[in-house]
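Letters A, B and C mark the chains in the order given here, with residues in each chain numbered from 1 onward.
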Amino acid sequence: MLKINPPEKWIETGLFMAAVVSAVAIVSILLLLIYFCLPLFSGNGLSRVFSWRWQPIDGQFGILPMCAGSLALSILALGIAFPPAIGICTLVHVLSRGVFARIVLILTHFMTGIPTVIYGFVSVFVLVPRIRSLSEAGTGFSLLTAAITLAILILPTIVLVCYTRLEQLDPVLRLASAAMGFTPIQQMRHVLMPAATKGVAAAAILGLGRAMGDTLISLMLAGNAAQFPGSLFTSFRSLTAHIGLVVATDSQSLAYQSVFAAGLVLFLLVAALNLIIRKTDNRITANAFLRVQETRHEQNF
Amino acid sequence: MKTDTRYRWILYFTVAMMVVAASSGMVSAASVDSFAGMEGTISIAGGTAHIPVMNDAAKAVMTAHPKIRITVEGGGSGIGVQKVGEGLVDIGNTGRPLSKEEIAKYGLQSYAFALDGVAVVIHPENPVSGLSAQQVRDIFAGSVTNWKEVGGKDGAIHLFTRDEASGTREVFWGNLLNKGAIASSANVVASNGAMKVAVAQDKAAIGYAGIGHVDKSVKAVILDGVMPSQENAMNGTYPVTRKLYMNTKGEPGKLVKTFIDYILGPEGTALSQKHGYLPLQ
Amino acid sequence: MNRISDRILVGLTWLSGIGMCMVVTGLLLFLIFHGIRQITPALFFGDTPWLKAITGQSPVFDGIWPAVTGTVLLVFLSSAIAVPVGVASGIYLAAYASSRQRAFWGSMVDLLSGTPSIVMGLFGFTMILFLRKTVNPTAQTGLFLAAVCIALLILPYLIRTSQAAIAGISTHLRLIGPAAGFSKWQNIRHVLLPLASRGILSGIILAVGRASEDTAVILLTGVVAQTGIPRNIWDKFEALPFRIYYLAAEHRNATELEQGFAVALVLLFLTGFLFAIAFLLNRYAENRWRIRRYQ
């Protein structure tokens, strides 16, 4: 019936080559970034780029304020997104398993597909004027504005990963705790959440990484002033926005090289987060949706 | 004496001949018709003040001659210099004259086509209408932070500045701020258009933009008693001015040259005027 | 005491659920309210007759048609690059790799999926700089470069969905092929892939959605504000998300701003549509498998 026997070895080699592509890509991204950072290592380039002042007209090219900006932004966004994310997980996992939970879950999935630029665009006209009227000192383009918008962006990621981990828990846990007379919310608080701590932590870190890597939100909403993010209402610049803003200035200056330094720092930060996720919970892959899908499939068998 | 007058007549005559020759040359090389039979691509990048003029010119030329393709990018003057210098685009626009180093490094040629002032802009509802140059310097340096200190309502001043690649920023910083500091708390926007939108949305904002970009959505501040208008920029009473340049690497090719002539010619001049710039003649 | 705190917590969870629904519907209504009036042929084609615009006879100005074609071409090219590689590598990880290999190559995939899109864009940009210094001094940013970078961006989605779809097939279905005397590849080709096809397809569609919305990558790899329809893959191009970004920052008047909202609606409609297909496919795949399980 099967006329031709395809050369199995060749096929396996071909598939293997495809699997290697990701690794090659990652390594070449890292190498190219390092290659373009090399000029910094001669002279005092490194100490000039890793300093606290960005004032190109005075020859000051420090990107540390941007590093601080990225960290502050992503941590704040996570802080805003995390509690409601856990709330939504609780809601759909134990409190309401009916139509409403279904709607919430579908909406959450849908949210992962809303283009980032749309969040930024709407926020410019909805959130910025409100934040501006909230604080006299700021222009509305601020840490808070960007963090709130970013929180909405990363919310579905956290919800979906958490939810997946909760669904993966042994159903016996829930039955036993219910038999002990725990109400649903008590089950969640005292049994399920503690049991899923690692997964929840991984979800949070995943959200942090997503927040740190986002460009459009901070570019459109943070104001881009190259200063330390001293308060919620100050304008600041993230590493990602710095790359977008400065990438094509004069190729001879340190300003230009600072872009590659920013790229490298960003890459290493996100890679470190990735490593932490793997250490925390090796059952989480780096994409919420896929994980959800995997579980669905697992449930079927 | 006699020879002097005769020489003068000869001189006059030659000048008149040159003007006629030049203007007739202009006419033939300056309308969209002069692109007849040409095809190819012109890529343009750089100064954001130029974009409205470049877009309209591109539209006129491409509509009449579909085989010609013109791409227009922004990015700022710095990007204009770099891209044209590296050969990434055919024309790099700058809103400032090129530095000696830039000309020497890349072998660039400049074509100035219009004059533009750089105005300090604020929100139309801001009661302040005039500032001294010193006040502007203090505001941008961050030493004056409340509108009350310069005769406005009590409230924080929101600073907006441009990105590192901006020619508008260099002109503003060099001619008005006398190369003084710009506070690092200033918000950064990436183009003249974006500056206008940002200032139009914030009642406490102050920024700066090419006069050609100023419309009723923002208010241009009277500087030391001089209204920032293109007329005052032309007659020299308004000090913060710059020319708008197109730059090419070496001699431009035929198509690019035709495009530059088109911008310099009457139709291009009309476009510049339409967008609020003064032609240089 | 505990009772009260429990009640408060229950209240808060409902609040967060309802809050999220309100944010999403608020966002949609806001866009529709501000943008729907501008969704007209003029939004797409400006003042060019639409037939001439679509056939490419005359260029379109002041319309988003070039941006639509730019985005479609970008998505098409990047999928053409990423889908074969992604699916093949998903198959390898699911069916060939030992568990140690799977962990190692899998961690590479995770690293890639964590890489911020602006870094991916920077990678493309540096690649061009590198090429210009070395083999090809005329290398330029453009559609092809952007497609390659976007392909890298969506590759992890494709790998993971394909891998998951194949790994999710139950053992007794997996054994059909070998039992019928199929070789390993024959089993994959004739049993596993058909079974996993819907899962893989939904992954592809999600990847397409991601490719159509990303702005940061193309910002550094060749998108421009005005250029018209790209004539070849080396050309600069326009794109919908960039158009939105551009209009947010520098609309010249109220109409252009409304157009921004309209473009956002168009893009949202596009990604929402893709999402719906992926979602339904996924559902369908589940049901099909469920039926088989009980047969």
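Just a few scattered comments:
Just so it is clear, contacts are C-beta pairs under 8 Å (C-beta built on N, C-alpha and C of every residue); 3 or more make two chains touch, one makes a residue touch a chain.
Values in this document were obtained by computation on a predicted structure and should not be read as measured data.
Interchain contacts join each chain to each other chain, per the touch definition above.
The greatest number of inter-chain C-beta pairs in contact is found between A-C. Remark: chain A and chain B have CA centroids separated by 40 Å (rounded to whole angstrom). The distance from the centre of chain A to the centre of chain C, each centre being the mean of the chain's C-alpha atoms, comes to 17 Å. Residues of chain B in contact with two or more other chains: 86, 189-190. Counting partner chains per residue, chain C shows two or more touched chains at residues 249. Residues of chain B touching chain C in their complex: 43, 51, 55, 58-59, 62-63, 66, 69-74, 86-88, 189-191, 193-194, 196-197. Those residues of chain A that touch chain C in the shared complex are 2, 5-6, 8, 11-12, 14-16, 18-23, 25-26, 28-29, 32-33, 35-36, 83-85, 87-88, 90-92, 95-96, 100, 103-104, 106-111, 113-122, 124, 126, 152, 155, 183, 185-186, 189, 209, 212-216, 220, 240, 243-244, 247, 259-260, 263, 266-267, 270-271, 273-274, 277-278, 285-287, 289-290, 293-294, 296-298, 300-301. Within the complex formed with chain B, the residues of chain A that make contact are 53-58, 128-129, 132, 136-141, 223-227, 234-235, 237, 245-246, 248-251, 255. By the touch criterion given at the top, residues 2, 6, 9-10, 12-17, 19-21, 23-24, 27, 30-31, 84-86, 88-89, 91-93, 96-97, 105-123, 125-127, 129-130, 152, 155-157, 159-161, 164-165, 167-168, 170, 182-186, 199, 202-203, 206, 209, 212-216, 219-220, 241, 244-245, 247-249, 260-261, 264, 267-268, 271-272, 274-275, 279, 282, 286, 289-290, 293 of chain C touch chain A in their complex. On the side of chain C, the complex with chain B involves touching residues 57-59, 61, 132, 137-138, 140-141, 224-228, 231, 236, 249-252.
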